[in-house]
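I have placed the structure first, in the form of C-alpha cells, so that the comments after it can refer back to it.
Naming follows writing order (A, B, C and D), and every chain is counted from residue 1.
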C-alpha cells in the first residue's frame, strides 16, 4: 500500500465504490438520487455515466420493496449497494433486512448468500429534527446474520466499503454526514479493511474512550483537551460493530481501568450498553460509564440540538470526572469545523 | 382488591380488555383475525358481538398503514389496541412506531398524545422457525417516547393491559405464546399495574436471576432446582421494560453479588446487555452474566430449537456454575407442561 | 356549498408568497434554524383547498407545509417563531419547519418521512366516523408519496371503510429531482387510486379557483357520504426541493417548463380581479403582519437546555 | 410454446395430493416437526403453471409451498426429510415446511411473512435482465399478499423496468378466515395491477389445463419482452389455513362453496382423460415414491445441537 493520496471521507467512499465496480461487473449502486448531480455527497456521482444506468440508478420511494429487490438481485448473483440519504429510512426496511437478508443463508443451511450492502447516512448537521437524525446501528448489531461497520476515517471508509461489497453477508455500512469532509491519507489501490478488528487511534493510560462513527471524533478532540490537563486518554475506534473487537476494548480497559463509551445514538439497549455489558461480565474492577443522545427525540432548534448530542466538551468533562478531576472544569472551546461551517440548507 | 379468581393469562388479558371497553367507549381492538372464532387465543373473542364491529374488527394485511391508522385514531381521541399474532410482524411497523408514535408528543411540545397499545405475541411453541419466533422488546426499549411492558403472570397481564390502555403514550405490550395457559389469581375488578416497578417473585441470597416475559418462568423453575442443591436464587420479574426498575435490580445485585440475566431474545444490544451495563456502571464487585437466544436465527427442527432457547436446565446450570458449583451438575428433568403439551398445528 | 371568494384567495396567496420570499431573504442570516421546503408555485392548491374547508375539518400535511398551514389561517407569529427555534414557536422550537402542527386550527401533524402521515390521516378519519364527528380530514401529500406502499395500504383501508377523507396529491411531477416518469410506468395516479375504489380526479388547473371548485365539490360529496376522494392537483415547484435557492443549475427539468409555470402565476391573475385599492390594503396589511411576526420571533428567547428532555412522555 | 401433457399433469397432481394426504395421516404422530399449510384444492394452479416452465425458470414461493415445490419436480425425499427436521432434509431441518428451498430446481425461497418474498422475486428478475439470462421468474403469492404495500411497490418496480417475471396470485379468496371482501373494496386485483402497468388476467378455471394455457401464453409473451404479467388464479383451499385439519367448524365460508370446489376436483377429470392402465402405473409409482421418502426421512438422523449456530454467516 504505497501510494497514498489525501482525500476526504466522501471521496474515499466514491473511490472504493468506483474501483470495485471496475473490478467486478456484478456490483451496482441504487438509491434515491444516486444518479443526480449531487450523487449522494459525491459518493456516487456520475457512476451511471461510466457504468451505465443499469449499474447506478435512481428508484421510486419504496424502501421496503427496494430492499427486497436488492436481496433478490444478490440471490441472482449480483452485488447490490443500496444507498440511503438518512438512516431513519431504514425503519421502513426492517422486515426485509431482519426477516429475510439476515436469515436466508441460515434457513437454506448455507446455500443462499446475500451479498447486499446497505449504506446509510446518519443525518446530523443542524435542524434535522426528530426524523432525520437517528442512528440505528444497534438494531442491526442485535440480529445474527447481518454485519455492521461504521468507519470514521477515509482510510477505513474505502477499505470497509470494499470489504463490505466482497462480503458474502448483508452488511450495514454506517456513514455520518459530518464525516464526509474528514480528510486523511488513503491508498490508491483496492484494499480491504478486515471486519472484527478495532483500532487504537490514540494510546493512553488513564482512561479509555470508545466512540462510534462520528463520536470517535468527539473522543479524539476530548482526548486532546484532556491531555492539556495531564490526563492520558486512550481512544478506540471499533470500526466494525458486528462482529465487534471485544478483545481490543477489554485489553485497553484492563490497562486504564476506566472506560467511557460514547455512543452515536440512544443508550438503552444500544452499542454502549453492549460494550459495557461485555466489560462488566469479562473484566474486574472497572469504572464504567456511557454517554450518547439524550433520552428524547432530537429537537430541531440549534440550542437544544447542541445539548442533545455528545460533544468533545461533554466527553472531556465526563472523562475528567471519572479520572477524579474537578467536576467544574471545562475545556477551552474546542473547534469543530464540520459542524460550525455547515450552512444547510438541508 | 378482594375478589380473586383463578384464571389464565389469556383470560386475564381478555378480562382486562373487556372491562376497559365497557368502561371507556373510546377503546377499540383491531388486528388480523381478532374477530374470528379463535379471537387471538381467546383474548378478543366475540368482542365485536358485544361492542360492535367498529370496536373490534379484522383488517387487511397492512401492518405499516394499520399502525399509522391506530396512531391517527389516537390523535382523534380514541384508544386503539392493535393486536399482532407474531412480534416478528412489528418489523413492518417500525417506521410508524419509531418515527411517528414515539415522537409526535415531543415534536408538538406536549400537545399531541398517542395512547396506542400494540399487543404483540412472541411466537414460540415449536417449529416456528426463523420468522415466527422473534422478540424485539429491546428495539422499543431503545427509543425514547415508547413504553414497553412484558407481564408474566395473569395478575400483571390484566393490570398492565389496563394501565397500557389508560397511558397517554404508545405502549408495546409483549405477550408470549407459552404464557397464555399460565394460571394465577386475578382480581375481578379493574386495576392498574404501575409501570416502572419490577417484582421480586422469589427471594434469595446467593444469586439474582432476572428474566423477561417467558424466561421469568425459566428462572423460577431454575431457582426451584437450585434450591434442592442448597442455592438460594432470587428471581426478579421486571414486568415493565421501559421504564425499567433499575433500583430493584441493583438492590438485589448488591445483596447477592451475582446476577444472571436471562433474556427472551438475542444478547447483543438487548435487554440483558442493558441491565448488565447498568449494574456495571452503578454497582461494584459483581459477578455478571447473561443468557438468551443463541446467536443464530431460530431453527425449525425441534432438537435444534430446544437448544436455541434458554431453558430451566440451562439457567440452573449456569447459575450453579456462577455460584461456584460443579459445572457438570445437571438438574433433574424439569417439567414444562406448556411446552411439552403443545401440539400445534401452528 | 361555498362560493369562491377572490379577495380572500388573493389575500391568503399573497400571505404565503410573501412569507416564503421573506424566508428566502432571511435565510442567509442563519436565523432560521431549520431546513425549509418552500411552497412557492404550489400556492393555488393550498389556497383553493383551504377556502373550501370548514373550521371542523382537519389537516394532515408534510414537510412542505407552510402553504397548507398559512392557507388554513394558522398563527403566523407562531409559525415564524417556530422557524426561528424560539419558545414562542408553536412547538417551542422542537418542530421547526418540517413538523409544524397547531391544534387551534386543526392542523394536525406534518411528517418529514415521505407518506408517513398518510395513514395517520386515515386513522383520524376513522375516529371521526367512529365518534360521528362532522369534520372531513384533508391529507396533503406529494406525487412521490404514492411510490410508497403505505400509501396504497392506507387508500385501501379508507375506501374499504368509506371514510370521510379527501386526499390532495400535489403533483409537482418531481420527488426531489426525479420525474414521475422515472418512478412509475404511465401517468396513472388517478387510475391507480380509482382501481383501489377511491373516486379520483385530476385537476389540471393553474388557477386557484379550479382547485377550489374541485375541493368544494369533493368536500360536499364526502359530507354526503360519497366515501373518500382523491384530487390529483397538477402544480409546479419553483424553487429548489429544499432550501431558499433555485434549482435551474441542476438541469433536471427544462427552463421552459419552469418559465411557463411562472408566466401563469395565479397571484397576478387574482390581483387583476380585485380593485386596486383593495389590493393595496391587503398587501399593506399582510406585509406588516409578516414584519410583526419576524419581530416577534426575534424578540422571543431560545428554549433552555433543560427543555431537551421535556415532553418525551405524557 | 409447450403443449399440455395430460399424463404429466395427472402425475404431478396425484403426487401433490397424495403427499399432502400422507402429511395429514402422519401429523398426529408428531413426527413432522413443522407447522404445515396444505395445498389441497389448489393443485391445478401449481401443476398448470409448472408444466409451462423451463428448467431455467426460477420460482419464488411462500409458506404454502408444497405444491409449488413438487410440481416443479423438486426432490421428494429431501422435502419429506425437511418436514421431519432431519439432516437429510433440503435444509438439514432448519427450514421446515415454511421455508423450503432447493437450488437444484431453481426453487429459490419461501417466506412465512406474507408478501415478503415478492420483492426478492422482482430483484431476481432484475438480475436476470442485468445478466442477460434466459429464465423467467415465477412469483407465487396469495390474495392476502396484495393487501401489503410492499406488493405494490414491487409491482411498480417490475413494470417500470419491464422485468421478466410472472406473478401468480393464487386467489383462494381468504387470508386465513378473512374473505377478500373484508379486505378490499371490490373484486379488483386485476384492475389494480393493470393500473400499475402490469398486464393482468384472471383465470377462472378449475381445470389444470386452463392454468397451463394462461401460464404458457404468459411465459411466452414474457420471453418475447412483453414485460411482467400477473395471473389471478381463482382456486380453493380445502383444508384449514394451517395444520392437517378441516375448517368447516369455523363457519367462515359456506359448506356449499367448499363442496362445489370438491365436486369439481380436477384430479378426477384428469384421471378420466388417461387410460386406466397408465393411471394404475402412475399411482403405484408415486405411492411407492412417497413411501420411500417417508422411510428415508425416518432413517435419517436429527442434526446435532452444535449445528444450531452453523451457517449464520458465510
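Keep this in mind: a residue touches a chain if its C-beta (ideal position, glycine included) is under 8 Å from a C-beta of that chain, and two chains touch if they have at least 3 such contacts.
This structure is a prediction, so every number in the text was calculated from the model and none was measured.
S.K.: What is the set of chains touching both chain A and chain C?
M.R.: Neighbours common to chain A and chain C are B, D.
S.K.: Count of steps on the shortest touching-chain route from chain C to chain D?
M.R.: Between chain C and chain D, the shortest chain-hopping route counts 1.
S.K.: Taking mean CA positions as centres, which chain lies farthest from chain C?
M.R.: D
S.K.: On a C-alpha centroid basis, what's the spacing between chain B and chain D, in Å?
M.R.: Taking the average C-alpha coordinate of chain B and of chain D, the gap between them is 36 Å.
S.K.: Taking each chain's centre as the mean of its CA atoms, how far is chain A from chain D in angstrom?
M.R.: Whole-Å distance between the two chain centres: 41.
S.K.: Take the average of all CA coordinates in chain A, do the same for chain B, and state the distance between these two points in whole angstrom.
M.R.: 31
S.K.: Listing for chain A: what residues touch at least two other chains?
M.R.: As it turns out, chain A has residues touching two or more other chains at 59-60, 62, 64-65, 88, 92, 95, 99, 106-107, 129-131, 144-145, 295-297, 299.
S.K.: Mind pulling the chain C residues that touch 2 or more other chains?
M.R.: 92, 94-95, 99, 111, 113, 147-150, 153, 156, 160, 183-184, 310, 312
S.K.: Tell me the shape of the graph of touching chains, choosing from line, ring, star, complete and other.
M.R.: It is complete, because no pair of chains fails to touch.
S.K.: Which of the residues in chain A end up touching chain C in this complex?
M.R.: Answer in residue numbers: 32-33, 36-37, 58-65, 88-89, 92, 126-132, 294-297, 299-304, 306-308, 343-346.
S.K.: In the complex of these two chains, what residues of chain B are touching chain C?
M.R.: 28, 54, 59-60, 62, 64-78, 80, 95-96, 99-100, 104-113, 144-145, 147, 168-169
S.K.: Chain B touches which residues of chain D in the complex?
M.R.: Result: residues 27, 30, 33-36, 85-86, 89, 92-96, 98-99, 111-115, 144-145, 147-149, 175-178, 182-184, 240, 242-245, 250-252, 302-303, 305, 307-310, 312 of chain D touch chain B.
S.K.: Contact residues on chain A for chain B in the complex?
M.R.: Touch residues, chain A against chain B: 64, 88, 91-92, 94-95, 98-99, 102-103, 106-107, 129-131, 134, 138-139, 141-145, 242, 266, 268-274, 276-277, 279-281, 285-286, 288-290, 295-297, 299.
S.K.: For a test of understanding, state which residues of chain D touch chain C in their complex under the given definition.
M.R.: Contacts found on chain D: 147-153, 156, 159-160, 183-186, 188, 191-192, 194-197.
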